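Chains: A, B, C and D, in written order; residue numbering restarts at 1 for each.
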Amino acid sequence: MVNEKIIVKSVENLQPNIYLLKAEAPIIASQIKPSQFCNIKVSESYFPLLRRPFSVCDVEGDHIYFMFDVHGVGTKILSEKKSGDILEVLGPLGNGFNLNKKFTRAIILAGGLGVAPFPLLTKSLSDKDIHTFIGARNKGYVVEYGLKNIKAATDDGSYGFHGNVVQLIETEKKNVINDTTIIFACGPTPMLKAVQKFAMENNIEAQISTECAMACGFGICQGCPVHSSEEDKYFLVCKDGPVFTAGEIEL
Amino acid sequence: MSQPNLRVKLGKLELKNPLLLASGTVGYGNEISQFTDLSKIGAIITKSVSLKPRKGNPPQRIVETASGMLNAIGLANVGLEVFIKEKIPFLRDLKSTIICNIAASSIEEYVECTKTLDYEEDIKGFEINVSCPNVKEGGLEFGNNPSAVGTITEKVRAVTDKPVIIKLSPNVSRISEFAEVARAEGADAVSVINTLVGTAFDIWSRKPKIANIIGGLSGPAIKPVALAKVLEISRNVDIPIIGVGGIMDWKDAVEFMIAGASAFQIGTVNFINPQAGIEIIEGLEKYCRQNEINDLSKLTASYELPK
Amino acid sequence: MSQPNLRVKLGKLELKNPLLLASGTVGYGNEISQFTDLSKIGAIITKSVSLKPRKGNPPQRIVETASGMLNAIGLANVGLEVFIKEKIPFLRDLKSTIICNIAASSIEEYVECTKTLDYEEDIKGFEINVSCPNVKEGGLEFGNNPSAVGTITEKVRAVTDKPVIIKLSPNVSRISEFAEVARAEGADAVSVINTLVGTAFDIWSRKPKIANIIGGLSGPAIKPVALAKVLEISRNVDIPIIGVGGIMDWKDAVEFMIAGASAFQIGTVNFINPQAGIEIIEGLEKYCRQNEINDLSKLTASYELPK
Amino acid sequence: MVNEKIIVKSVENLQPNIYLLKAEAPIIASQIKPSQFCNIKVSESYFPLLRRPFSVCDVEGDHIYFMFDVHGVGTKILSEKKSGDILEVLGPLGNGFNLNKKFTRAIILAGGLGVAPFPLLTKSLSDKDIHTFIGARNKGYVVEYGLKNIKAATDDGSYGFHGNVVQLIETEKKNVINDTTIIFACGPTPMLKAVQKFAMENNIEAQISTECAMACGFGICQGCPVHSSEEDKYFLVCKDGPVFTAGEIEL
């Protein structure tokens, strides 16, 4: 974990409201694992006060990528960065997906901006058989950047399957699930709950990458609890997560 | 000019410099130690510890506000036993000065914690948190009642010879009354201030943004309030003050010392800039040189007020 | 959906909408009327008036802080006589609802001002400022003493049948005690909150940045504190609340109403965006339509709290 | 007085730390008088919270100019504006110099950024005989933009007269003061005090443009008092000023 000053190279639109920020970040680039994240100081001043957490979306040599939509003040400022701007970035943070498992097939389930960590995962699973399912509000939010073997679902049916991504995998499970499959999921909490249920019912391992409000991002503020499903205690999303196995936590 | 002297003395408590890491904002030091050499700072004040472990409040525990943040962690902590077994040794090995912050739900609990921890020679002092806004039983109630604060100070004082610091609540009309009680009962210093009570609502769900409903406001937003409390005590009570509230850089730290603080704590800034502590110490040295201050403690209460 | 109803009722006081211009932040309306049609807003609360004119504090009176500002104007005002002769007629001609804010240094002065102004039919109500942090004699002292607030409310209530609003100080431990006294003594509503006591120092001159040493903190920085005070009263006392503190846009206004406010005031934002009042009213209408709220007053205290 | 959305055209350096901002502002341009000012919202957000007051430096058709140095957070943000950026600007504010007087000669005394209002004054006094005296910290702060018949002084003597601008006018008064002269002065308070003294001693009229902390800039916050020298009362710099006659106020 370092506090690296990274240099913005470009900010491009993948969709009208979805941005891909490329930056030179040799240290973080050399350390980051899929679904680890960074806590970004979006401005030089203390406005906004807190850093903003983002998954590292992709890595190319010394460069890392962040994918985000404009949600509020912080992402607005990020979307307006220009080549040459410097960002203070804390990372890599948290534990990424656990890939030291025996599996031959990876099922990627992404809801909305939950696609962000998957280009990097896809790269690191070059030897595996990957099936990617992405869900989006509508056609205008579908992002296929850096993904493989994609099936898409949209809430309004404007693109691909009409429904959400978990409904989509239901219809596809016969074809894609075998006994050496692991699900890697990221997206809004309601979707992750559905994934937990789906994994349980079909008893396959699922690793879910969670999201919650954070201040520090590295374990000192205790601001990011998620309740354990085994004991009466809280995990910290930033330190113990953001990736958990489906059975580990109560969302 | 020669290296300015940054050492400060608060009652029985001597520190290599006036910068302390505020309780609850650096846990037990493990994570922050990757960014800040804990042997170089005045002291680390550990997360409020209670007799038994506390699970803390459910999510959402924090939310950003204008130049500030609300938190309702609920004093989540490992409890006395684990604290002694695991946390103290780690900090000892880093050669950092440890001040142990204690939070309790009863006067007896304050006393018992202090007694037990008094045996730990690595603990150089106690900060008694009588002012946490986020625990139902005790906290706020004690903090807003001078006689309760008096009793706690007296009882804790009775069981330890180590420096005792009382951390005061800002949610009162005249904080100097509380500082005076603490002084009278033998406290070595007061920490001023803990967080202000605040809340925030989601206008679509109509739910409070933090599960605990109310939380503690910290960060730059509260600096003017903290400075006024420090000044009020400095002008009315003869007790060393540790200023805390919204300090983001060395300039803020100097402002607190001018207003009456002998030392200061940084809290929220640690979340945003984990190197802040070291940067502030460097800034203080530079300021001393520029202004030919050979002894930083001379800055304390050096305010010039209009008649 | 049909035009939502923005009318609100606070005790005897009926307003066309819940937006009020906070006392001391729009003077007597002359300047702001160039930007905001004063006949369209709920009411204007005039700058605190006292029996005799007040010159106010020497410069520097204001300073910016993180998401806030400190002010120590010192209740500079034209005095009762000029207020009646010159200021009221102007506002009458603009067809704006006038609420007159009164600040005094003695209970007698409060009563005398109210008595005199009661004859002015253009004045639709009184806001009693028991909480100005910037005048030595009275202000803070009254504001932090429940029985004094009770007496003032009782005595003022006795000399007018018009709505009486008590403006409470936030610099207290339990503001609901003060709201309860005000209710018991017959106040129609309470305004919550006045500014928080704060200060700031220049680190080079070591002088306070404002001549009065301490000032009142306002602006977005204090919104979480103001919301917590509104919520505390809403949950404990049966009296209409006028929320004030850090409201910059319609979202903030909605947040205050959800937290328990029947109406709200905008202060500091007038300095930065003199059209804020009108923009907020428009925003409220839009919000009502989006959420199919046909009667804005239904929003008051509509919070959903976890068990 | 309007709250005009003005369009930035350019921001150029007159000196390393001194900037000239040009903006399209038809309404204000058509109304502004020399030494009136505007209160500028430097950012879209409420950081910094308050507007920043600046004299209008010059006018060209629909365009107005502001001259400023980077002092703190607000001027830093202003200095980084790009062509096309929109600024919310309140103005014209206050009373400018009073030119409805019988005078043939104008003596301009400017200290530091106090030069800002004088290009516009110089333009509007095309029919008068103008003598301009400017004082600056050093060579790097001397700005002659839009001025006529200039004599400069620097505190360190790196350019022109060695000393301050009031000491300079002392040495020159024989040559420049006649009985139909008016002094127009703007600069830091210590300088304006010296100008008051100078005007008194040589009994000539002096109009001084003052500066102080402001919140609203148009009379509603009462935040900008300056004490009257005649009565026991305060004027408001933003409304009754910023220009006062030397005899009117106690600085």
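The rule is short, and it goes like this: a residue touches a chain if its C-beta (ideal position, glycine included) is under 8 Å from a C-beta of that chain, and two chains touch if they have at least 3 such contacts.
Owing to the predicted nature of the structure, the values given are computational and were not obtained by experimental measurement.
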Work out the mean Cα position per chain and let me know which chain is farthest from subunit B. D
A-B versus A-D: which has more C-beta pairs touching? A-B
Distance between the centres, which are taken as Cα means, of subunit C and subunit B, whole angstrom: 34
Can you check how far apart subunit B and subunit D are, centre to centre, with Cα atoms defining each centre and the answer in Å? 46
Find the geometric centre of each of subunit A and subunit D from their Cα atoms only, then give the gap between the two centres in Å, rounded to an integer. 54
How many angstrom between the C-alpha centroids of subunit B and subunit A? 36
Give the residues of subunit D touching no fewer than two other chains, as numbers and ranges. 46-47
Within subunit C, the set of residues that touch 2 or more other chains is 66-68, 219-220
Under the stated contact criterion, what part of subunit C meets subunit B in this complex? 65-68, 70, 144, 171-174, 196-201, 203, 205-208, 211, 213-215, 217, 219-225, 227-228, 231, 246, 251, 254-255, 258-259, 287, 302-306
Can you list the residues on subunit D that touch subunit C in the complex? 1, 3, 41, 46-51, 88, 90, 212-227, 232-234, 239
Would you tell me which residues of subunit A are touching subunit D in their complex? 45, 47, 73
In the complex, subunit B touches subunit A at residues 24-27, 30-32, 34-35, 47, 55-64, 67-69, 71, 73, 76, 219-220, 248, 268, 270-275
